[in-house]
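In the two assemblies presented below, chain A is common to both, partnered first by chain B and then by chain C.
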Partner chain A sequence: MSSYLITIGTMIAIQAIAVCGLNVIVGFAGQISLGHAAFLGIGAYTAALLATKAGLSFWMALPLVVAVCGSVGLLLGLPSIRLREDFLAITTIGINFIVEAVFRYVPFFGGALGIGGIPRVMFFGMRVKGTSFFLLCVAFLCLTLAACWWFKRSWAGLACAAIGEEEQAASTMGISPVRFKLLAFVIGTGMAGLAGSLYAHHMQFISAGDFSFSVSIALLSMLVLGGMGTLFGPLVGALILGALPEVFRPLVDYRMLFYTVLLLLVIRFQPAGLLGEESALRRILIPFVKGGMR
Partner chain B sequence: MKTGLLETRGVSKRFGGLKAVDGVDLTLFSGEILGVLGPNGAGKTVFFNLVSGIYEPTEGEIFFKETRIDGYAPHAIAALGIGRTFQIVKPLKSLTVLENVLVSLGVARYGRLSRIWGPFRSARQLDAAMEVLEKVGLAPLAHRKAGLLPLGTLRRLEIARAMVVGHTLILLDESFSGLRHEEIVSLEALIRTIREREGRTIILIEHNMSVTMGLCDRIVVLDHGRKIAEGTPGEIQSNEQVIEAYLGAAGVDHAP
Partner chain C sequence: MLLEVGGLHISYGDIEAVCGFDFHIGEGELVSVIGVNGAGKSSILQAVMGILPCRKGSIVYKGKDITSLPSHERARMGIRLVPERSRIFPRLTVYENLMVGLYGLKGRLNVGERVDWLYGLFPVLAERREQPGRTLSGGEQQQLAIARALISGPDLLLVDEVSMGLMPKLADEVFRLLRQLNTEQGLTMLLVEQNAVASLRISTRAYVLETGTCALHGDAAELMGNSHVLDVYLGREAK
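What follows is the complex of A and B.
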């Protein structure tokens, strides 16, 4: 495979991991989040700082990165979780802007220059790049999908689904809405942390602009397109929205227009997403992978 | 003095200037079916919301098995074995009937982080859920989406969930309203069975007089948030204050 395709594939895999995390929050637990890029950013900056300033390897740093992201998700989730849907949307946008601004203006985070010189991932003394880094990302994506699959089948996943449906009824069945929303937030932001860490080591240079509000919107678009709450929706959404700009490179000026039209079409004709329940694609696929898409 | 399973002492709930529930004292004994009657707006549902933790009382105390529970969150009250239904049904719409019941089967797990990671679709859980659905007569509809079902079916689904959660006490909020005659008869039979075979205690809010009179051991009547009468169905039927609350004061208009 050409290195061009490998690069695109790597980005798609990283984004798919982040969208999986968003899916836990938005799809599984029914909580709107318009600031997911902030957590991608927190993951990337934590990984970058641990690699460049503390000299930790990618592997040593990874658990820390995921833990930091999850903890920040918990902290930021605490006040926002008690808000109603529309306020939660606005709060998460606010979180995105604040986090981006902190990265941009606080010298510790490299300010406007960002952080450069992030080393490549090392694996048994070898530098992981190109195809092998792509495969590493795919491996992490598989792990993330497996975690999502497990979560969806667990009592925790069921409790989150119940809260997303009807909070009061769920609470009278023993489910604490606050506790399970926070749980979804922590898992979702933890996955964003993983994606951020891979992103930092892939780009080797990161700056605040990489994690702006528009990135959050792109991640959410991928999720809506692929199908909120489905297992493989994040992958399908990331594939399509990640590959399209490359396929239609000549039309680069009209990219946003194209995105918008595509999203409107999905919302109008397949509101549950491409892999959502009763979607056309699902009907075609189901006979081939019986039951596997749930 | 014999203490009850559930006791409320001077429980009140104020919304701004309105006292929706006003100093209600009530003792509920284990194994009985208690009816809560009252005209619309009498505070019956608010009273249920107080017991199930959805509202916190403005004044007064609520005891369950001699533990003070007012101020507990709804999920904590559910974990004590108090289940309820809603007057305006609240099904988990995009889940199936079976999944709705499975959610309630996890009631004892959700409070402990270590017990929520296992798969909920184990054979044991599915059997338990189907058994409950058999009891309420919903087994044939187990795999239907709850959002697509008619009201009578959803009322049964809510009872199924409340039965699972409420292994000690079940609160039924107008579970009979909007049902056809045959549905009412079979639901009455179901409630009797739950009480007699499983020894549950039940409080029900009901407008249907024949249901209330036939089913309840004891009845409490609320009006404007106050308890105006309490007694056996027979006593309530002949209670002047109750008749007044329902039909208005007699005689005044016709005074010479």
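What follows is the complex of A and C.
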């Protein structure tokens, strides 16, 4: 495989991991998050700082990165307890802008120059890059999907689904909305932290602009396209929207137009996403992957 | 006494829906609250469940003041609600809806036994166990809402307008089932109903609510013969 395709595949795998995290918050627990790139950024900056300033390896830093992202997610998930829908959407947008501004203007985070010199991932003394880094990202993606599969089938996943559908009815069944909304935020932002860490070690240079509001919208678009609340929707969405800009590269001036038209078509004809309920693709695939679609 | 509610006041903004309502329910009783639309009946159930806050008053359940507890903690103490218009989880299957009702109790109850018992009571739910809740008819959704509340083996069942939207035959069956659960299993129930005839027939005691206050209360059989209840709620033909 050419290095060009490997690079695209790596980015798709990283984005798919972040979208899986967003799916836990939006798809499984029914909360709104329009600022998921902020957590991707917190993960990337934490990984970059731990690698460049503390000298920690990717493997040593990874649990810390996920823990930091999960903790910040817990803190920022608190508004979701009191806010609903439109107000929560605005709050999460605000979080994205604040986090981006902190990265851009606080010298500790490299300011406008960002953070460079992030080392490659090392594995038993070997530098992991190119195809091997792509395979590492795919392995993490598989682990993330397995975690989502397990979560969806757990009591906690069922509780989150119930809260997402009928919060009041769920609470009258003994389910604490506060506890499970926060759990969804912690898991979702922890996954974004993993994606951010992989991104930082892949790019070796990060800056605030990499985690702007437009990235949040791109991640959400991937989730909507693939199917919110489905297991493989994030992967399908990331594959299509990650590959499309490259496919339409010869028509570079029009590719955003194609991108927009595609999303409009999906919203019009498959509002639940390509793998969502009653979608054509789901009907075709269901006999082959029964039980794994929801 | 299983439940004692004293001086209950419930407001929606400046509008007072319930003003100083007192009532109690003993173990094994089936108590009805009847009243016209907007009398405040459902608000009382929601306050007991913890969905609506009480502006004033106290709610004591099993000797413990639960007035300030959130609804999920009240549910864990054994209070369950069958809400008005069922409010099932539309995208979850029938089986998953039932499992939500068992949340937190899996280790304490035999899941298979409980599910089989409910499928026996509501055979249509067994037939549709893998279907999403939203694909069920209104009557089936109501049955699912009752089953979801019963699966945990509650000590107090709050039933809100269970006959709403049901065809008369099905409504009769539901009332018969509630009576059966009360007499055979000793399940304590608080029933809020617009269908005064049906609810008084199955109840041991009842409260008549008018504009947020208790107008009458007593044995259900006595109330069925009360001239005011006959005139306003039952119609003279019920005599």
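Just so it is clear, the second predicted complex is superposed on the first by the 290 of 294 C-alpha atoms of A that agree within 3 Å, B and C clash if a C-alpha of one lies under 4 Å from a C-alpha of the other, contacts with A are read in each partner's own complex, and residues count from 1 in each chain.
Everything below uses one rule, namely that a contact is a pair of C-beta atoms (placed from the backbone, for glycine too) under 8 Å apart; a residue touches a chain by one contact, two chains touch by 3 or more.
Here the structure is a predicted model, which means the values were calculated and not measured.
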| item | value |
| --- | --- |
| Joint occupancy of chain A by chain B and chain C, clash or fit | clash |
| First (chain B), second (chain C), both or neither touched by A:153 | first |
| Most chain A residues touched (candidates chain B, chain C) | B |
| First (chain B), second (chain C), both or neither touched by A:173 | both |
| First, second, both or neither for A:2, with chain B first and chain C second | neither |
| Overlap of the chain B and chain C footprints on chain A, listed as residue numbers | 155, 158-159, 161-162, 165-166, 168-177, 277 |
| Touching residues (chain side chain C, partner chain A) in the complex | 49-51, 70-72, 75-76, 80-81, 83, 87-92, 96, 99-101, 103-106, 132, 148, 152 |
| Touching residues (chain side chain A, partner chain B) in the complex | 150, 153-159, 161-162, 165-166, 168-177, 179-180, 277 |
| List of chain A residues in touch with chain C within their complex | 155, 158-159, 161-162, 165-166, 168-177, 229, 277 |
| Interfacial residue positions of chain B with respect to chain A in the complex | 52, 54, 73-79, 83-84, 86, 90-95, 99, 102-104, 106-111, 115-121, 161, 165 |
